[in-house]
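Got a structure for you, written out below as structure tokens; questions coming shortly.
Note that the chains are named A, B, C and D in the order they appear, and that numbering of residues resets to 1 at the start of each chain.
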Amino acid sequence: MILEAFIAFTFVAALVVMVAPDEWAGKLAFGLSLAPFLGSLYLWSQFDAVGNALTGGTIAFESRIEWLEVGGRSISWFVGLDGISLPLVVLTTFLVPLAIVSAWTPIDTRQSQFYGLLLFMEANLLGVFAALDFFLWFIFWEAVLVPMYFLIGVWGGPRRKYAAIKFFVYTNAASLLMFIGFMSLTFALGDSVSSFGLPEITQAIAAGGLGTWFGFEAGTIAMAAFLAMFLGFAVKVPIVPVHTWLPDAHVEAPTPVSVLLAGVLLKMGTYALLRFNFTMLPDQASALAIPIAAIAVISVIYGAMLALAQKDLKRIVAYSSVSSMGYVILGLVVFTEYGVGGATFQMVAHGLISGLMFMAVGVMYNATHTRMVGDMSGMADRMPVTVGILVAGAFGYMGLPLMAGFAGEFFIFVGAFGAPSLPYAPIFTALAMFGIVVVAGYLLAAMQKTLFGPFRLETDYEVGRAPLHDVAPLAVLLAAIIVLGVAPDIFFEMIRDAAGPVVEGVSVDV
Amino acid sequence: MSEHVPLWTALLPVLILGVTGLALLLVDTIRPNARSNTTLSVVSALGALASLAVTVWFVAEGTGDVSTGGAIYLFADAIKVDTLALFFTAIFASVTALVVVAAHDYFDDHDSPAAFYSLTVFAATGMALLAVANSLAVVFVALEMVSLPSYALVAYLKKNRGSVEAGLKYFLIGALSSAIFVFGISLVYAATGSLIFSDVAAEIESLEGLAGVAGIGIAMIIGGVAFKTASVPFHFWAPEAYEGAPAPVSAFLSSASKAAGFVVAFRVFTEAFPIGASLVADVNWVLAFGVLAAVTMTVGNFAAAVQENVKRMLAYSSIGHAGYALIGLGALSGSAAGDSAVMGAAMAHLLVYGFMNTGAFLFVAMAERWGVGRTFEDYAGLARRAPIACTAMAVFMFSLAGLPPFAGFFSKYVLFMGAIDNGFVWLAAVGAINSVISLYYYSRVVKAMFLDDPESSSTLDTVDSRPTALYAAVVFAAVATLLLLPGFGPVIETAEAAASALF
Amino acid sequence: MVPPEWYLLLAAGVFCIGLFGVLTRRDALYFLMSVELMMNAANINFVAFALYYGDLTGQVFALFVIALAAAEVAIGIGIILVLYRNFGDTDVTVPTEMRW
Amino acid sequence: MVDAFAYVPAIVLLPFFSFVVALAAGRYLPKGGAFGGIAATAGSSLLSLWVLATVAGGEAYNETIYTWASAGGIGPTDIELTFGLLIDPLSALMLVIVTLVALLVHVFSLGYMNDEGETGLPRYYAGLGLFTASMLGFVVADNLLMAFMFFELVGLCSYLLIGFHFREEGPPSAAKKAFLVTRFGDYFFLVGVVAVLATFGTAQFAGDGSFPALADQALSGAGDVAWVPGGLELGTWFTIIGLLVLGGVVGKSAQFPLHTWLPDAMEGPTPVSALIHAATMVAAGVYLVARMFGFYALTPTTLAVIAFVGGFTALFAATMGVVKDELKQVLAYSTISQYGYMMLALGAGSYVAATFHLMTHAFFKALLFLGAGAVIIAMHHNENMWDMGGLKERMPVTYWTFLAGSLALAGIFPFAGFWSKDEILYEAFVHGLNDPLLLGGWVMGLLAVPVTAFYTFRMVFLTFHGEPRSELARDPEPVRWNVKGPLTVLGSLAVVAGLVNMVPVQKLLGIDGIDFLTQWLNNDFGGIDGVSYSAYNDLLATYGGYAPAELLGLSEELTLLVAAGLSLGLAVVGVLVAWRLYNVASPTEHTAKLGGIKDVLYNNYYLDELQVWTAYRTEDAAGGADTFDQGIIDGVVNGTSSVALAAGSRVRRIQTGLVTHYAAMLTLGLLALLVALGVSGGWFL
């Protein structure tokens, strides 16, 4: 019941903050959000899962309560963690308090609602990563969108409404597609499963439970379902060419929201891809390995090229997220322990690093009220600590060794390069790896123009150092990134344990 | 139910409603000049709730259920009480209760609110009667019992040009439709020689020469049903009627009256014209309903997407939802299990819809009461002045759109899945596409309330009154919409059980 | 005995006349009367086939229909009255404030 | 006895701690944290010497100390990604060089940075500390991945230090370029690392399970590798891997065509330049090839490429050095050129010669840079040689040490550079006789000798000789002990370092045992099996057919003499030409005589322009992609909603507001329904 308490507490915290007075809502929210973080550390310490939750491994903190029955299949409250979900849970609970602190400066209206929604979103995010029943998962999955819609739409920038609605409708349409895809799977499974539990469904598919349905062969259905789910999740990830909501959402979202959007929400997409597409339908995934790998490579390079063309710092980081997510897709599609494990690790790593980048850009924005590359230069002169951390974060983004990003990317590369299930794997991998050069190009160029050189910024006030509570979250994030880069095994070991069974799902003649 | 209870007690929910209507007249008669708005509201609410309570109790007890000896027939088989009837009666009673509570504030300053309550409750009585009808004659009579008060209700604001225009259009289209409906019944009678459903069903298989006549009759009955449910092509009255009518009336019509249309449809087309028999008689009404469902939801949703007036948008969305519910008839395949699943899903959707749509219209009623205007722009920034009500409205909107944390998601889901299970993938696909479109315009309301800034700081100054009863009704509807998510299990089980008795 | 088909044709004819009236008349009262005609077409069927089948249901139901038609007219007249009050006319094409 | 190897991590960590201390508390410490750095590097130096002594005592160390990550690979066993220490003669030697130069640079910085009143000193010393630590980590790495990691960290540090003066326009740009260009090379390196891991399942440098050993076994048929991509020949694949890793080397060691960052990197503080050029970043590339020479020895094609690129770079960079006006620019091109020699040596299979030159170059180039730094202090940061002149009398210590360094650089007997360069050219020559690519490398290397000597002494004469050509030069600022001290140490080394490996003398005079370095690297004192000069020679002979040829049937001694004489002679010619042109009271620019070539040389063969052009074209492409993204892809997204809304506007027009229309449409709808039902039911048949 610990997971229930964990999620329920976060919901309650959201409600409490929602009715708290604006003056101290921020601090209250921070205090309350520490509890889930400590809780997740406790979960970590008690973690005893073995293998992958979906393929029959031992699930940690498993809890299952029957809910209702629809069309002969039961829907239940079914939660639990394994080596893939725990790191993401920890990531979520870790990022939220930091995001809350980073909101203290920029959010100056309707604070209690803001922080309440933030915590509400956290609760749902935890639900997404913990849920093991399809319906439960889907409810959390969609419930994340609602607070996000408000967070962007109410507290965002000038085009916030456009961005919020675009985000909302686009991702919902994608969810629908994914939903249909998944449902067609359950139909094809027929009577071989009696619930919407993801483990049952995964194992039934693995056992060959897919039958014909409506005159379609099992293989056709599986392929169609794979494509529908892939496209649906691709929007969330996002993968080129269904990525265009992301830059708009990021640019308009307030800093803390961007942090969570890039840090956790995008990971929902890759997490779901891993859980659904690649764990449930490995044969389809490997049959489509070449196109998927091609899309991944295109995402990497194209996203990086777009980032290169941007003038808005947030847009740069946003597009580079598109690029980074391409690596994750590549890691998933190769079906090696390093590939899948690395992809999962990269989710966490990118969550921290992109969070750091958005946060640092936000801190600078608090002081300068601009994010445009051309509007300022020499910020290092006025905000040395912030800029120092921003530079460190940028190098993390570029995949500097001993920082988390390198670990994730390197695992993916090692896993992908010789992957037996992906034809032309070395070529795909090498092409994707070229992203590390382009990312260095645009980040360094942007940094050179804004952070260095003689100080220049037209304001009618003095630009000074950022307050401690702006900088502290940055430092904490940077520390986490370095710790994870030096000792990736603190997560990678359990990730690997859970990723292994996924890899075994594909049989390839070596 | 135990042996010594007289059979007519099975009609208790209908009777309670009828008696309540009479009691309202009585109150008005005793104190014709006094403003007894509160008394009337309380009486009608109590009556509706009593009816609801009895209904729920009956369902829980299994009255009319297969497990307790099957449906209860009364009055020479003209009446049939079964779970289906009770299920719909629950919808009618719930919506009525919400509407009359909300009306307390809405008609607070109206000259003569008394007639409103009695008309509403009598219409509800008609609906409840409709639910238990087992003869085309009873259907027609009950239908008129619903329609006639409805016309008056829509035109209730006699000095309001919108209300009158709405009433006129509703009435004219309604009169035409009931004429078509009754002519259809007469043709069916001509072909089969009976009005009792089971007799009609028995006859219709062995028609010779008169098959065409029965077919035309059935088509005309479809027309009558389509009118009541506001489905294409009999939907033209709906946008105007819902827009022009007082908002509580719109809520009542778009939720309860629509459900009433569906109960007729479900019953008539499963019991009087069963699929197998109809096909023998060369009347493929399943296909007709399928096409109507697809066209209806498309028309409703596309038109709703481009409205400026919130109430009219809701009206079109209501047409769209009629399209969804029509899937319950349009996606029947002839297999008992699949059919009861999809029809049960449609019933469950109507129940959920009853709460969320009523709530939405009642929110509009509240906005009208505040006098903030009717367009999306007028709603700008409303959430700052009325956060709770706006949150409730957001719940209704997202639920209507079928987003997961709300009950609308499950009901839509089981509906589409039922359709797919029965092989009507195309219907589900059309529904899915429409759902995406609907998300756009529903979220526009939320956007206006939460994201937009009011034109000027004084625009919303009128939002200072706190219409308690309206608030209560809206919040209650929102809570129900939320609670129907975890509590969806019993609902769908009851609905499927009720539907399975029809096949 | 007149074959039942004739009654059907008669009823259909009356129905169509009523429908024609509905579609062409712009005055609300004509509209109402046309609807009456359509309902009476149904009554013809009911009565004729009650005779044909030899049961009373049709006959009784025809009475029901007549009663309901009267009630409908009552409501209709009421609405037409307020229509006249608000729009100064009984032309049904005048109130077009709500559209699209 | 206490095990020296247990303290190897401390060698790396001490400078790292100085980084942490300087960063965290530098502003509260005297001299901005300089003493911490000095203490740390001094400690590291001592420990390195101890390690050197231990290795000399016949011990070696090759252990994994930390598992970074581990997961299933392509083969049956897990691929373990580890950190470990590999201490053998090569790395022990390199440790000493790096720590020594780092120490001297730290000391020198006291004079160059602190005494000059620079701000941001904690950041500077933090950078130096991290730089040193990264390089040391790279040196002791026992596998390719770890090497890559520290290799990249070295790149980061160079970025931080080159861009130290971030408030100006130039340094940040140069820093960016340095990182970016080397990153481009590192990309190939990274692909190489990944390829090695995928192919062998390990990236260990030394030992039985190391990838060079596995590759050897695979080629000789005694073993098999885990994976080879689609049907490639083993040899071909190994060559590809070798070339990929070489990418990183080319980038970091500033070889053509990725050398462009290095001259720009002169924007950094001069001590940093000394560190980068002498012992750390640039040296890393060459060291890497030496480190995994056991693998390169298996792929003769790669070696030939290395040699050719090296030879070409040596000549190419030297020609550009001829026309530069700024002191540090000349040194920058000389660095590129000298590393070209080392690459040539490696390509020629002469592992020892390369290491030898790496060492001597570390000393004399550090010396030259620090000397240049002293001049720059004296000249108040004016680096233009045409404003100098006549500094000889005014700063004698600097002059004499600088001269020693210059003689070494020019390869004049008996200075350090002579021995090492001579050995390189000899080895390239004797092996090149069998291989045209190698021979081409040798020819270019040889041609670079006089050019090198010329520009070196042009620099010396312009700076120190003649009459002062500016007020500053007439009255230079004096430098203190902290500048002179390091210069003296390095000056001595530049003179004598060549004596550690007098192979020609040994061969000519038959004095055995004076080729200490060769013995050292040949594991004569001890080391790890398979990682030695002779082991590499065996591999070279087996796989590359490398064998010393004799010129025109001359004996080895004669060949040696001819080669040495040739290079020495050419060097002297270069010096003399410089003497003739610039050792005058008021030298003039002679570059005009070069005509069009001058512009080409001034502009570095327009390679920078090419790279800038490439960058701009990339930006254009990015802009195009952005337009495409916003216009087409996002346009489709927004278009979809527009189309839906337009459709909605059409649909709503049905509702005309006229109730008679409704009745008509209703009737039509009913008719349609009737017809549809009738058709589907066949009523009309």
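The rule we apply is simple: a residue touches a chain if its C-beta (ideal position, glycine included) is under 8 Å from a C-beta of that chain, and two chains touch if they have at least 3 such contacts.
Just so it is clear, the model here is predicted, and its values are computed rather than measured.
Participant: From the Cα centroids, identify the chain that ends up most central relative to all protein Cα atoms.
Facilitator: Of all chains shown, the one whose C-alpha centroid lies nearest the global centroid is A.
Participant: With contacts counted as C-beta pairs, which pair of chains has the highest total?
Facilitator: Highest contact count among chain pairs: A-D.
Participant: As a quick test, compute the distance in whole Å between the mean CA positions of chain A and chain C.
Facilitator: Going by mean C-alpha positions, chain A sits 65 Å from chain C.
Participant: Provide the C-alpha centroid distance between chain C and chain D, rounded to the nearest whole angstrom.
Facilitator: Each chain reduced to its C-alpha mean, chain C and chain D end up 97 Å apart.
Participant: Whole-Å distance, chain A centre to chain D centre, using C-alpha means?
Facilitator: Using C-alpha averages as centres, the distance is 37 Å.
Participant: With chain centres taken as the means of their Cα atoms, state the distance from chain A to chain B in Å.
Facilitator: 42
Participant: Please set out, as single numbers or ranges, the residues of chain B touching at least two other chains.
Facilitator: 168-169, 172, 176, 180, 239-240, 440 - these are the residues of chain B that touch more than one other chain.
Participant: If a residue has to touch 2 or more other chains to count, which residues of chain D qualify?
Facilitator: Within chain D, residues 641, 652, 655, 657, 659, 663 contact more than one other chain.
Participant: Could you pull out the residues of chain C that touch at least 2 other chains?
Facilitator: Residue numbers touching two or more other chains: 22, 92, 95-99.
Participant: Mind listing each pair of touching chains for me?
Facilitator: Taking the chains two at a time, the touching pairs are A-B, A-D, B-C, B-D, C-D.
Participant: Help me check something: in the complex, which residues belonging to chain C touch chain D?
Facilitator: The touching residues are 19, 22-23, 26, 92-93, 95-100.
Participant: Considering only the defined contacts, which chain B positions touch chain A in the complex?
Facilitator: So the residues of chain B in touch with chain A come to 341, 398, 403-405, 409-410, 413-414, 417-418, 420-421, 423, 425, 428, 432, 435-436, 439-440, 443-444, 446-447, 450-452, 485-486, 488-489, 492-493.
Participant: Provide the residue numbers of chain C that touch chain B in the complex, in ascending order.
Facilitator: Per the stated touch rule, the residues are 4, 7-8, 11, 15, 18, 22, 28, 31-32, 35, 38-39, 41-46, 48-49, 52-53, 55, 57-58, 60-61, 64-65, 68, 71-72, 75-76, 78-80, 82-83, 85-87, 92, 95-99.
Participant: Within their complex, state which residues of chain B touch chain C.
Facilitator: 137, 140-141, 144, 148, 151-152, 155, 158-159, 161-162, 164-169, 171-172, 175-176, 178-180, 182-183, 185-187, 189-190, 193-195, 213, 239-240, 243-244, 312
Participant: Help me check something: in the complex, which residues belonging to chain B touch chain D?
Facilitator: 168-169, 172-173, 176-177, 180, 211-212, 215-216, 218-220, 222-223, 232-234, 236-237, 239-240, 281-285, 287-288, 291-292, 298-299, 301-307, 316, 437, 440
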